[in-house]
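Below, subunit A partners subunit B and then partners subunit C, in two separate complexes.
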Partner chain A sequence: MKMLKLALRSLRNRRTTALLTISTIAISVALLLGVEKVRSAARDGFANTVSGVDLIVGARSGQLNLLLYSVFRVGDPTTNVSWESYRKIANHPDVAWTIPISLGDSHRGFRVMGTNGDYFKYYRFAGDRAMRFTAGRPFEDLYEAVLGADVAKQLGYPVGSKIIIAHGIGNVSFAEHGDKPFIVVGVLERTGTPIDRTVHVNLEAITAIHIDWQSGMQALPGARIGADQARALNLTPQSITAFMVGMESKVMTFTMQRAVNEYRQEPLLAIIPGMALSQLWSLVGIADTALMIIAALVVLSGLLGMLTAILTSLNERRREMAILRSVGAKPRHVFALLIAEAGMLASTGVAAGVALCYGLVFLVRPLLEHRLGIFLDLGGLTHYDFAILGAIIGAALLMGALPAWRAYQNTLSDGLTIRV
Partner chain B sequence: MTAPLLSNSVAIEAADLLFAWPGKSPVIDIAHFSVARGERIFLRGPSGSGKSTLLGLLGGVLNPARGRVSLFGQDITALSAGERDRFRGEHLGFIFQMFNLIPYLGVLENVLLPAQFAPARTARIPNGDLVAEGSRLLAALGLRSPDYLRRPVTQLSIGEQQRVAAARALLGRPGIIVADEPTSSLDYDSREDFLRLLMSECTVQESTLLFVSHDTSLGPLFDRNLSLREINRA
Partner chain C sequence: MHWFFRTSFFASLGLMLWTFPAYASEQHKHEHGTVTFNVAIDGNVLSLEIEAPAINVLGFEKSPRTDAERQTVATVDAWLSAGREIAGVPRSAGCRAQSVIYEAPKLGSGHADYRPRFVFRCGNPAALEWVELWALRRFKDVEKAKVNVISASMQRQETLAPGRLRVSLK
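Take a look at the complex of A and B:
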């Protein structure tokens, strides 16, 4: 106890170096905690993109490919699923509901997805959250659209706006479905998932806007079919990009998956979203493990800075140790003095680092949420965080043992005569 | 344990004492050396002759290769390292040539430092009132103004620092005061001044004084003058 007090006084006497050491540790700890927070937030956000869906079915390609284009709207499907196969599976008695997905067009860089009303009803994210509307309602009529939160916000579209869908994907598109404009009838609440960046329309509308198109070109003016003319035609699509399946009973999921994968008429692939997500995360996770290692190394260099500071102070403090010895301090008191210093520097640094991290999280939270859909948790430290912080202080004490041992040796060999 | 020890009439006794720093030839080789209780000894010797080394041996900070050191009849070489540390804390007060004070503690805290490591010294203070005793000692040594108590020790003159160090050495009436050239950085007048105050306080506390210096002009102030050469065969 008395050595703690002495160590505190001693550190206060060298407050410039002490403060610098503490800030180095604080910054490195804040970085480490911050990386860990973003990492777990990203992982959660990732796992939260889709739930409530038992199977995703698409043309046979890779698992990840199917997951990426159907859920994350990244990349393109190679082939489609025929309408017959879709209907056949959708009508299977074990299947409770299906959500068809048709992708391929865009609006000012945002993907347009053709689907049906079940999408708003059954799709879940972040555990068991359903989509909610901040304004308007689901689409009903053919040329109606529902916008994700980001689309509405970034483009500034209120309900009632008219939008033109571009053929194909990409920011700049020359071919537009200008003859068949859509009316925005609903805007969704922010989900923090790719839904926010999607324009949703009726599956039939996708057929309608392409009805007079052939191999990427609209028919010549004379052969065109107008928006209202199209309404009268059969708009059932010949194929869709993929579809999501909800089972009557979860137990049947694997059986159904196998059945789809062995489907004879057409090469299909069924994936279980949770499993595909964790497989994808294991790839993405490498980068974030690397980030974590870098952050840990920064902490290590912070602690080494502390070690250097204490070691350099040691020589000019030999006199101090001799005085302590002369008044009856045992070598172990000298040892304790230096360990206490290391402990105080590290724990103050860790505490400051935690505060700094929370300050930063508080500041960047809106940005991350807005730009990346990552929700940072401002809540307390997790057990894992505490374990990390404990390990840092432990490492500091262990490092402090080095100067402490040196000082201990000095007091034994110096006797009471120290030439300064 | 303290009472019978202090009743012994011999304060310091060294017999057949041999010490060498690692890898060097012996610096201390003393057949016999003793100091009576209450005696004030002036020990001189050229620089590097081993005076400080001898003090380290007497204080139990250094271990002799051979021989024995007894303080008030207690053979400290027979004690364990921890017991020796405690014995030193309880019965010896040290004053060094320079840099006597812990820079990050205040004047009073420096004076009271021994009480932290040697409870026996607190026990010997009237009413156990550390602050009163510390102030009394500082005043006795010429640092009267209470303003001193609050000043950082680094702002004191060397002479003032030596007085604070002396007050610390005297706190809690240790039986032996060991002074290792405490006056060598003072001018002649302050030197005598300091010594007189130190000696009168030693008399009040009945402490034995072992004073080391190569400044022979101070010799006449002591009961006995001794050259390390006379007792050291190394």
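Take a look at the complex of A and C:
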């Protein structure tokens, strides 16, 4: 205890260097922890986006491609799935429910997704959370729409607003389905997933708004079909972008997957979302590791900085050591003093680093959530974090042994002899 | 702006996929040296499906010519259709073999795969913490053992390290 007090007093005497050393360590620790936090948040974000879905079926392409466009609304499908194939699989006795997905249109930069009522009933995210409405209800009529939380907030649409869907997915579109406006009947609760940025409509409505369109152009005024006229027509789509499948029993998932992948009438691909995500991690893992190595190297350079500071100070403190020895301190006391100093610098640095990391996370959290859809959890330190922090302090103590050994070896005469 | 970030992230991802096509390929394909185990749990039913190229089960992938080869095929047929010594789970789970779905592959016309499926019924499925894939001990020259696990709470894919048999189900 006395040693610690003495070390503290000695450090206070050199506070500028000590503070600089502490801030170097703090910054490096904050970086390391921050990287770890963002990494796990990004993973959770992806993993939380879809759950409860046993299979996703789309046109035959790659596993990740299908996962990305059907769930994350990123990238584009190679081609569509025919309605016949969809119905055939949906009617299979082992299939409990299906959620069709039809993409391709947009509203002011937000994707429009055609689907059915089962979407609100069966889709789950973040473990077992179902979708909930902050206002209104699911769509029922043909020209009704349900908005994701971000769409409603950014465009300021309350329930009851009228919206017009644009053809294609650009932010600014010149081809609009202006003759068939939709009424907003529901706004979904925030989910932290791409659902927040999606406008949901009836699958049949997607057919209805395209019914008088050919090759990306609307028919001439005389040949147009009005919104109410369209209701009378057969609005069963010819194809959909993809669909999600819930099985009666999970045990049949692999069998169904194989059956779809070997389906003769149409080249289809069935993926198990969690497995496709595992693949994504094996890819992203490379970048992850690189980031962690960089962060670890920064911590190492922080510790080396501390070592340099202590070693340099040794020369200035020869007199201090000698006085300590002359008043009865044994060499081991001097050794302990320097180890204590390294330990204190490192632990203060680590504590400041943790505080800095949390402060930064607190500041950038809204930005990350809004811009990237990544939700940073402020939650406490994990066992893994503690292990890392402990290792840093351990490494610092080990490094502190070097100057401590030096000082230990210096004799009493070292600081007292006047050298000319 | 956020779309820029997202797009650039996925664009680089796309580039990686394009440069490493192996990652983007499908699951079900005939690849010598690779065996796949599909484990699914639903309620008290545990299903284990094995997909293995004949060469990794028999040591050859052609119609048997010699007596020794015919004997190997017969032994494997007997082993897989009996469904014994395939996999082990904690005793406390109380699992009993319920059915075996096994059809011997046609040997001699190109590639052949063994695809047996074993269904167990467990008295205490909560105790199903792991499964040991004993079948791997009898397979030959397996370079990669892929395991897909599905349960009510997870969907996971992993590759077993060489010599390992145990897969966590939690």
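Criterion: the second predicted complex is superposed on the first by the 405 of 420 C-alpha atoms of A that agree within 3 Å, B and C clash if a C-alpha of one lies under 4 Å from a C-alpha of the other, contacts with A are read in each partner's own complex, and residues count from 1 in each chain.
By our rule, a contact is a pair of C-beta atoms (placed from the backbone, for glycine too) under 8 Å apart; a residue touches a chain by one contact, two chains touch by 3 or more.
Note that the coordinates shown come from a computational prediction; the quantities given were computed from them, not determined experimentally.
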| When both complexes are superposed, which of subunit B and subunit C contacts more residues belonging to subunit A? | C
| Of the two partner chains, subunit B (first) and subunit C (second), which one does A:Leu283 touch, if any: first, second, both, or neither? | second
| said: On the A-aligned overlay, A:Ser10 touches which partner chain: subunit B = first, subunit C = second, or both, or neither? | reply: first
| In the superposed arrangement, which partner chain does A:Lys162 touch: subunit B (first), subunit C (second), both, or neither? | neither
| request: Go through the superposed model and pick first if A:Arg87 touches only subunit B, second if only subunit C, both, or neither. | output: neither
| request: Examine A:Arg137 and indicate which partner it touches, taking first as subunit B and second as subunit C; both and neither are also allowed. | output: neither
| said: In the overlaid three-chain picture, which partner chain does A:Ala329 touch, first (subunit B) or second (subunit C), both, or neither? | reply: first
| Which superposed partner A:Arg231 touches (first subunit B, second subunit C, both, neither) | neither
| remark: In the complex, subunit C touches subunit A at residues 1-3, 5-7, 10, 13-14, 16-17, 20, 23-28, 38, 40-43, 45, 47, 49, 117, 119, 148, 150-152, 154-158
| Complex interface listing, subunit A residues touching subunit C | 54, 62-65, 68, 74-75, 109, 249-255, 257-258, 261-262, 269, 272-275, 277-280, 282-284, 370-373
| What residues on subunit A touch subunit B, complex-wise? | 2, 6, 9-10, 12-14, 319-320, 322-331, 333, 413, 415-417, 420
| said: Give the list of subunit B residues in touch with subunit A in this complex. | reply: 22, 52-53, 55-56, 59, 61-62, 81-82, 85-86, 88-90, 92, 94, 96, 98-105, 113-114, 116-118, 168, 180
